[in-house]
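In this document, chain identifiers A, B, C and D correspond to the written order of the chains, with residue numbering beginning at 1 in each.
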């Protein structure tokens, strides 16, 4: 890499890049951890600001912290823009937009002092930054197994969710027909579908409940159904998780004659060229 | 197939059949996707019509859309009847009846203008058409594994559900005896059974809750029981899903020299004696 | 068995025994199915009797049905007593007691006409008879796998439930300390434990909910905990269900020299006596 | 051990130590069971004392029992201190502190007769003693498998819970923005996050429910998501539980003649070359 950077400036760029974007060096790790602590703190401030009686008592403190976070994030954003070779590519990337959205609201509040409610909406995007936590890579190996298992079961889960969707529409419509007349809570099909989802997922708020006897009978059937259905995604993911676990690096022996790998553990002869394999 | 259709008319019939009933050709796929979009749109209209304030504002639009969908579905239904060799068989099949029920209500509304509520009941049958989505066959391979696993575990799940049914009847009766006297919500055994299902499936609406201390103790036992019981269907489906995954057709090739089997699919030489294997 | 019955009377006894107690013969199966239908009907009547407005309208019908069921069950009970070799053993067995309790309440109602509420309590024992359904043995093979898996995981589930019990006591006590002062719903430790069970099992009635912020934070932790904990019994039963499925009859090859079985599929020589095995 | 104790006193110490701290001897087991019964009884008394109407009726009985338990636990604590070689190490250990906290509140109640509410807080520490139940080691083998499986899946579950945490923060913030204005229940982000946890874990109290249509749509998505997500920890633990079950110490014996491994535990002759194996 050093050969590609003949003058001093790029050296600096590269060093900043290594600290900010990578987590391999000690300094890079320290930066990442510090960044995460500041992001978490800024998220905590956004949360606490939303609690009216805390906001009333600590308004000034929150105002100061808000600006400290914003200035820090602004410097970080500018450094990121500076040290990458293609600033536009970063600026238009997912994290680039999120990083910008994290600092914009505070500056906008100067221009639009009254309309703060909508700024909170945008400020909430700062929360997405918290996903940078996964960059730390500490748990990455474990996370990869989960992601791998989920990816492998994606198609099955899509089919399953499509089926659940259709089921929920039908259950909701039937319940609308059964309960709709006498029960205010089932006043429309979308509300009935909402009820069906609440019931089938076993969340069960209880804000909408069947009142007629037929409705209670039907919802009992839906619950028993949900009981059997909940087993499906669990079965899917369990099966994938087990096979993901089984992907241990298999026999690494290579044939001395043809050099090919992938021999079974009990193989005596190379299955590709027929020559004898080394004694394991 | 062309040999079986000596005059022009059947050629047309076959072409329409291929487009409407099959999804192998480009035109057939386009038709299927278009049909699904229209079905979904018609389902959406049925849903929105049930929301009183939307219905009030867009009554005329819904009326027009209703007739557009109905006319489209009528043409589709007639074409289906026309292009199949045995129209009666299609007309009396499951989807044939559903397709008819999807268009009938709108025509009936001309004859019975006042009694629209019952027509909504029939119109809801249109929802079942949405299951045609599965004809697209896009996800079918994945869906088949789920269906296969569910079919394989059908007997076990039936036993399990029978057991849950009996358990729920007994729990409901006991709770009726315990709570029935002092708690209006447990006023009959069927209602108590409804409560038992709501509790055992962990839905927990909270519309019926035990009030006496003995009732709360019993329901705590029921919940802990439900906790252990929920593991059973999940275990059943997981086990089947894993074995459904494992059912790859394994290589049945045997070595001509040593007769041993269990060779990998890409093996050229026998891994036990080193002789060349048959071409697969 | 015929040798043990030298005179005609015992022949009759045996035939009745075969019909009533066994389900191998056609007549025995018919009897079992008929019995189940009558038991189900009698259970249904008990249920419907508990619904006040149905009971009001059909009081006379229920009275007649009650006596028909009771007389039938009485005859059945007497026949059972008659045809077994050791009547006392049957009379004191689990099903013997249940069978007696199923007929006693109706006769007692003649002696104690007023106090019917307590008779319903005893009549509910009739429900337990419904478990005779499992005698039909139709699904028994499948049921046995479930029971086998549950028995194999019994020890693990006991440990798990003990742990959950202790956890629930501690969570309940802590929540009593946190919420007890300000929230009427957490007025005692047993009630708080009831809440902890409702929450940890994800039933979530909502009749008792934390009101203080610390209480809500703690209950959020409890829920996340419950999320992770629910995985444990499922994992236990899944693992057992899979190994119960795997119990296929392994290699049935027996050595020609020592006669011992249990050889691996790829074994060439007997692992017990060292002689060569038959070619599989 | 006897050689290390030349004078009589240490003999006594060791005997007490064996009874109190170990569960290998008959006397040790009797002591452990007796201790558990007394701990359970004392926990039960603490629980019942919290129920106001029971406390009113049995105040004197509870007072006497309280002192009996305290005196017993005091003697036990002093004996433990006496018989260990390093009393300070025990006194500062987890169970040492818990054992002290179990007796302290009753003595403090003599000094501070009025302020009983805070004493209940400390008295609740007695509950922690109940974990001594696990010392019985009766189910330990089974418990170890569970603990082993949970330990093995710890990293994955940490990643999963971190992800759930972030998800819940984002869902809570979005719902605060959507519902916050019109719905009093979503008055702050922390409350909305509490709602998100209640919903995602399918507990579903129903004390906070979305009222706007957009809010209900979003929460339906959250529930469906929770449905898919609940499969992940179950899959993780199932996979680990299965592999924990499979971890039988496999035979590491290799044949002296052909050097091949993988022999069954009961194998006498090598299954590959027929030569006799070493005595295990």
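Heads up, the rule we're going with is that a residue touches a chain if its C-beta (ideal position, glycine included) is under 8 Å from a C-beta of that chain, and two chains touch if they have at least 3 such contacts.
Everything numeric here is computed off the predicted structure, so don't read it as measured data.
The chain with its Cα centroid farthest from the Cα centroid of chain D is B.
Set against one another, A-D and A-C show the most C-beta pairs in contact at A-D. Comparing the contact residues of chain A and chain B by number shows a mostly separate set, under half of all numbers used being common to the two copies.
Here the CA centre of chain A is 42 Å from the CA centre of chain C. Each chain gets a centre from the mean of its Cα atoms; for chain A and chain B, those two points are 29 Å apart.
Computed centre separation for the pair chain A/chain D is 30 angstrom, with centres defined by C-alpha atoms. Residue positions of chain D touching 2 or more other chains, listed in rising order: 190, 193, 202-206, 230, 234, 236, 238, 242.
Interface residues of chain B facing chain C in the complex, by the touch rule stated above, are 155-156, 158-160, 162, 166, 169-170, 173-174, 176-177, 180-181, 187-190, 193, 199, 202-206, 209, 213, 216-217, 219-220, 223-224, 226-228, 230-232, 234-236, 238-239, 242-243, 259-260, 262.
Interface residues of chain B facing chain A in the complex, by the touch rule stated above, are 43, 46-48, 50-52, 117, 120-121, 124, 127-128, 130-131, 133, 139, 141-143, 145-146, 149-150, 157, 161, 164, 190-191, 193-194, 197-198, 201-207, 230, 233-234, 236-238, 240-242, 244-245, 263-264, 266-276. Interface of chain A with chain C (complex): residues 202-206, 234, 238, 266.
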